[in-house]
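This is the structure I want to talk about, given as structure tokens.
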Amino acid sequence: MVNETSKVIPIQAVPFARSRQAGEAQTVLDHIVDDFQDNPESMQYFYDLFRRVYCQGEDVPHEGMLVGTTCIQAPEELIYAFGATPMRLCNGSYHYDQKGADFMPSKSCSLVKATLGMLNSELVIPKIGRPDMIVNPTTCDQKKKSSSMMSDMGYKVYDLEFPNVKESEASRVYWQRSVRQFAVQLRELTGNKLTRKNLKEALNKTGRAQAAFRKLHNFRRKSPSLILGKDAFLVTNAYFFDDIGRWTAAVEKLNEELEQRDKSGFKAVQSRAPRVLFTGSPPIFPNIKLPLLIEESGGVVVTDETCSANRMLYDMTAVDEWMVSDMVDSLADKYLKPCTCPIFTKNDDRRRRLLDLVESFNVDGVVYQAFAGCQVYEMEYRSIAEEFNKAGIPMLYVETDYSPDDKGQLSTRIEAFLESMKNRRKRRA
Amino acid sequence: MKYFAGIDVGSTAIKVAVVDGDGQLVGVHVTPSGSLFHKNSTEALNTLLTKVGLKREQVRYLIATGYGRKLFKEADDSFSEITANAIGAFEAGKAFGGVRTIINIGGQDSKAIQIDNTGNVVNFAMNDKCAAGTGRFLDVAARNLELDLEELGDCHFQATAAPLTINSTCTVFAESEIIGLLAKGHGKAEIIAGIHYSIASRTVRLAKRVGIEDRVYFDGGPALNKGLVAAIQDELGRELVIPEYPQTTTAFGAAILARSEFMDDAEED
Amino acid sequence: MKNVVVLLLFGLMQMSVQSEVFWLSETPPSKKATALKKEPVASVPQSEHAGHLHAQLAASGVAASGVAATAGGKKHTHGGGAEVDADGEVVADNTHSGKKQLWLRRGDDARAAAYVSGMQGSLILLGQGGMLPEVTLADEKDRTTVKLDLPELGFYNAYWVQRAVHEGMLHVQIAKAEVLHGTCCAKDIDEEAVGKPIVNRAAELELVREHYSGEGLFTRIVSGDTINYTVLSRGEPIAGAKVTMISHKGWRNSQLSDAQGRVSFTLIRDYYPPSWLDFKKRFKQSYLMTAELELPELTVEGATYNAAHYTATLAGNYYPSPYDYRSYAWGLGIALFVIVFGGVSIYLYRRRRIKPYQEVRVDAKA
Amino acid sequence: MLRLESIRTAVNNVQFNRFRFWLQLFFFVLLVYGGYLGIELGKSLPTFACGYNKEGRGGMCYLMTLQHQMEWPWQKLFSVAGLTVLSTFGIFYLWFIALNKGWCGFVCPVGTIQDWITSLRRMTGIRYSRYSWGQFQWLAQIKYVLLALMFLIPLAIGGGWFQKDLKSPFCMICPGRTIIPLFSADFSQLSIDFSSKTNMIMTGLGLAVTGLFFIGSFVKKRFFCFYCPMGAFHYLLSKIALLRLKKDGSKCTRCGDCFRVCDQEIKVIADDVTQKEIMTDDCIMCLKCVAACPEPGALKATFAGIPIFASTEEGFIKRMNKGCSDGK
């Protein structure tokens, strides 16, 4: 009798497919796929990819060493050139957000909490295996501070020193030097040599990927739009972990399908749907909550200015002399100069970029997402709001995090925002 | 004669309003929501129609708003309560010489909306996840003080001493604080006045976020409570415009929207 | 013994006769040079004979002398810079103007030949288009000189002829001067055609300088050049004529003209200033060419002589050769030095930069 | 209109570096060997068709004529004869207006030689050097000093203060004088003229600059163009030139690609998003920046207002992927 009660019932290993993370990813993916009609067929590749990786927990293959990166500022081309595979570790699942909460203060960026949570748990989704090195550019404060926590977890962390003043010549030279040091570090890690050939191939790999993204980016200028924002976010989120060759081929197939849609005059949304520019903290699968809310209540996210999509893939490297020394420096410049990340002291580039996007995509309104606790985006909200007031463009500021509990309230606010844009457009028309 | 109806399926009460062809209010009706949203809503609509002697077919366009707007299938269209409230306040405010800022304290949320001179929403703010400063806060307080909601207003004016400060903002903690104050022998009036002032200060802070412009319109259920109105006017330092039926402004706005949507569709086809 | 005396006498005769060489020079008499008085020379009255000579002058026309290209075709180097004569005075640069002045000098020393004075007679002037009105000699500051005014651009020849008879032997002195009315930037003139030398068919003996290929209106002869001459008599080349070149310092070299009457000399360098500092790159030096021809029996317009001795002279100027004052070794040396020095310093600079940070020292003084 | 569009996209997507190489070669042959083909473009070309290359030159660099005219004695210079100075300047100005500083980027033989030396360096894989921003600013003033001297010294000669040996001072120190004649086998300029101290110093300086020119342009792209008074002279006259370099600040993401490929390392082109006319005094209008700009319409070269070469996305992708194996 006694051993009956004292026998502790072991927690059977719940098969992953029914675990909470899978559940969360499952609901979001189903919502993306089922609640919207006529998704492009070539999106099926991405839906299957996410279902396999996020819902069934299939492991993600990589050849050579695995180098995890926590920010877009880590030069991928160098990692590819040394034969390793870069994978972005930023995580968007609420499950890991709660797990990471015991590392971070309560009011801090959910993205960093989720990343730390994911790295600390044994079952890492997406199942990319244990990164041989994590490259942590010293961009925003919370990512900077999380590097020591990551090394406490036993990972080999390399701090890539990134300047915070973009305009000065000193910071440019400083960043070029730290990228060169990063190349030396990669050589020690992988033991391979950086040659002109393999660096050129790496540049070409990402070059083709960026060219494909740009084509998609240009297709989204069409009004009425050909593809919904949630699909575009899914595509760019797949870039985090998917094999770059397959990803590029899939995006090129998607571009062809959009080409037919464009010719056949297909409309993904009715022409009255308000066109929204999404900016601020990056929506990372499964936290595509805000874009989905916008598109559920009749809006369409035509373009974005976030580091999980546009900012990551838009700018391309220009090389003057195809020699290793010049290619590495061009790479460094490509990551620093055009970047519109809020961690810099001045954000004129971001403002001009937003205004240019508004003008070239004829956007009706802007949704500005800031994760609770992400001071850089919150502090930059004022200057961006001023700029948009001057330009007469309505902007909705949403401070949210990964938890779904403010969905109800957010949907009301978004719906009201979309309706005010519809009125504005009706009166203007 | 064509009629148009707007139904505001709120968390605590369902409000229905019917408007005639040229936008004049015909009649309103308020019933508690209860749990069966759908049944109660259709029932409320029918009782209002019989009250004003109209048949269902005469209502050519019906718009639902409020929390349950998506659940009420019968409506022709649905709008968020912010837009509906803005239109309703704009129309109702014309009688008082034009309204630019709207404060709405509903059952579960409190909103501050700023509109331009054509009734279009310029900026709005809502209380985030917590119910402090909403109608529910008053219900809890009334229950603790064994008073009815209607009596709260008069009780506020019977206060002799200065209103007590209720420092905990959260509805749940406020309850224990009220009981503590009662035990200390403070008068009910002073406690009620304190509650009113705490709601008022929170609401004014919310209004400040959207910017306050002249003629502030105050609606929603708690607007019936004279004491709360006085407290807000004191905090705001400005006269408040209180409509005849403050609870049904959003429903009235939805009806007006129904009429203009109907007119637009008529123009289109 | 007698033959020796005769030979000696004959040599002396030659000698004296040789020293009797007259030539026309463009270099003005310098202030210091003394004027050589006119020595009575038994000479046939000049005018009569000279006049006689004119009638014979057929239309000489410009003889295309078919000059073969000589060493280094010298298109003019852009002049500029004052030309300096032997005594260091600045010589007026007169190639550009049509006004020329010639002096008659005697003696076979190109530099110190004396300026004759008191000579009469006139000069025959031959231009591209043929005869030009004669110009008479005149004395100016007791030096026989003549002023020419050349109408168009191009080369002109001035001839001064002196005939004398000694014991039945005809001595004919023909002093020729090739004068250029040139310009440095000829606009629409075909420089090639104008630059051809002019031949005087009437002259018994004449030295014609072969012009360089492409020699335009701005000729510049430098020491070290090889100059070819053709000895002509009445337009026909003469073989076996003795031609002597006398350089500025007096170096002389004689040759006999070959079958086509051609003879070629190399102007040697004789300008060695004490230190390189005093080197004047536009030091104007003059040289003298004399040609002699002996003819045994000869009848000229009825008058027969038992022998005739013709002497033709032609003077010219030359400058130090660029190779004397230009040093390629130094030039390339400097360029190479800068390249090597610059290259090495850049290499060292780059090596030093590989050490990432300069070492910062802090000591008591900091 | 479709024809124009297809021509325009074809031009914008050209393999620009290859196109510019052949254009430079053409102009090089025209100006250095034109004389042998009977081409004579006159004596006031706004580029270094060196006058010392006597037979071969297809035209003469205006600076030589200018200095020669400035050396006239003042009575002559400021007399009626001075009008020829104005007329030659007029011809120079007409030539210049056509291509603005494109003369430096495409036509100038000395520039072309420097580009060849740069491609030689690229083959050997040696890195190029850069000026730091501080050095850039004060070195950029040298060309104005040279320009001033190029006017003042000849005027002083004309006024009788300086002696004639100092004639055409800039030509004496210009690398064109010693290098361009080499191309028609005339080595006479490679010597030091000991005939006078001034000549010795000037020709010595000339050859030192030639040495500097070779090592300079080996490690620094377009080394000499940064100090060239002709470029400074052009800039002062470039207000009404036809060929223009325009920038649309709103399209620019300040990615710095134009600054990266700029041989003259001009920062203003990448950082300035307000100016419309973006050509600075150091610019040589080689238009490499337009070729390297990924933003469509951000940078464009216009001739008399008509855009002739604009930055496009697919043009950029085609040019920047040329380095890769499959060349797509």
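A, B, C and D are the chain letters, set down in written order, and residue numbers restart from 1 in every chain.
As a convention for this text, a contact is a pair of C-beta atoms (placed from the backbone, for glycine too) under 8 Å apart; a residue touches a chain by one contact, two chains touch by 3 or more.
Since we're looking at a predicted model, the values are computed, not measured.
A.B. asks: Would you kindly count the fewest steps from chain A to chain C, each step being a jump to a chain that touches the current one?
C.D. replies: The fewest touching-chain steps linking chain A to chain C number 2.
A.B. asks: From chain C, which chain is the farthest off, judged by mean CA positions?
C.D. replies: B
A.B. asks: When you average C-alpha coordinates per chain, which one falls nearest the overall C-alpha average? Tell me, please.
C.D. replies: Smallest offset from the overall C-alpha mean is found for D.
A.B. asks: Please tell me whether A-B or A-D has the greater number of C-beta pairs in contact.
C.D. replies: Answer to which pair has more contacts is A-D.
A.B. asks: So the centre of each chain is just the mean of its C-alpha atoms; given that, what is the distance between chain B and chain C in Å?
C.D. replies: Using C-alpha averages as centres, the distance is 121 Å.
A.B. asks: Could you please state the distance in Å, as a whole number, between where the Cα atoms of chain A are centred and where those of chain B are centred?
C.D. replies: From the centre of chain A to the centre of chain B is 41 Å.
A.B. asks: How many angstrom lie between the centres of chain B and chain D, each centre taken as the mean Cα position?
C.D. replies: Going by mean C-alpha positions, chain B sits 75 Å from chain D.
A.B. asks: Indicate the whole-number Å distance between the mean C-alpha point of chain A and the mean C-alpha point of chain D.
C.D. replies: 46
A.B. asks: Give me the residues of chain D that touch two or more other chains.
C.D. replies: 127
A.B. asks: Of all possible chain pairs, which ones touch?
C.D. replies: The list of touching pairs comes to A-B, A-D, C-D.
A.B. asks: Once bound in the complex, which stretches of chain B touch chain A?
C.D. replies: 67, 79-83, 109, 118, 120-122, 124, 126, 128-129
A.B. asks: Within their complex, state which residues of chain D touch chain A.
C.D. replies: Residues 122, 125, 127-128, 132-133, 249-257, 260-261, 267, 270-271, 273, 288, 292-294, 313, 316-317, 320-321, 323-326, 328.
A.B. asks: Okay, in this complex, where on chain C does chain D touch?
C.D. replies: Listed in rising order, the residues are 75, 80-82, 276-277, 279-282, 322, 325-328, 330-332, 334-339, 342-343, 346, 350.
A.B. asks: Please give the residue numbers of chain A that touch chain D in the complex, ascending.
C.D. replies: The touching residues are 167, 169, 172, 197, 200-201, 203-204, 207-208, 211, 214, 218, 314-323, 325-326, 329-330, 333-334, 337-338, 340, 349, 352-353, 355-356, 359.
A.B. asks: In the complex, go through chain D and note every residue touching chain C.
C.D. replies: The touching residues are 54-55, 127, 129, 164-165, 167, 178, 187-188, 190-197, 199, 203-204, 207-208, 210-212, 214-216, 218-219.
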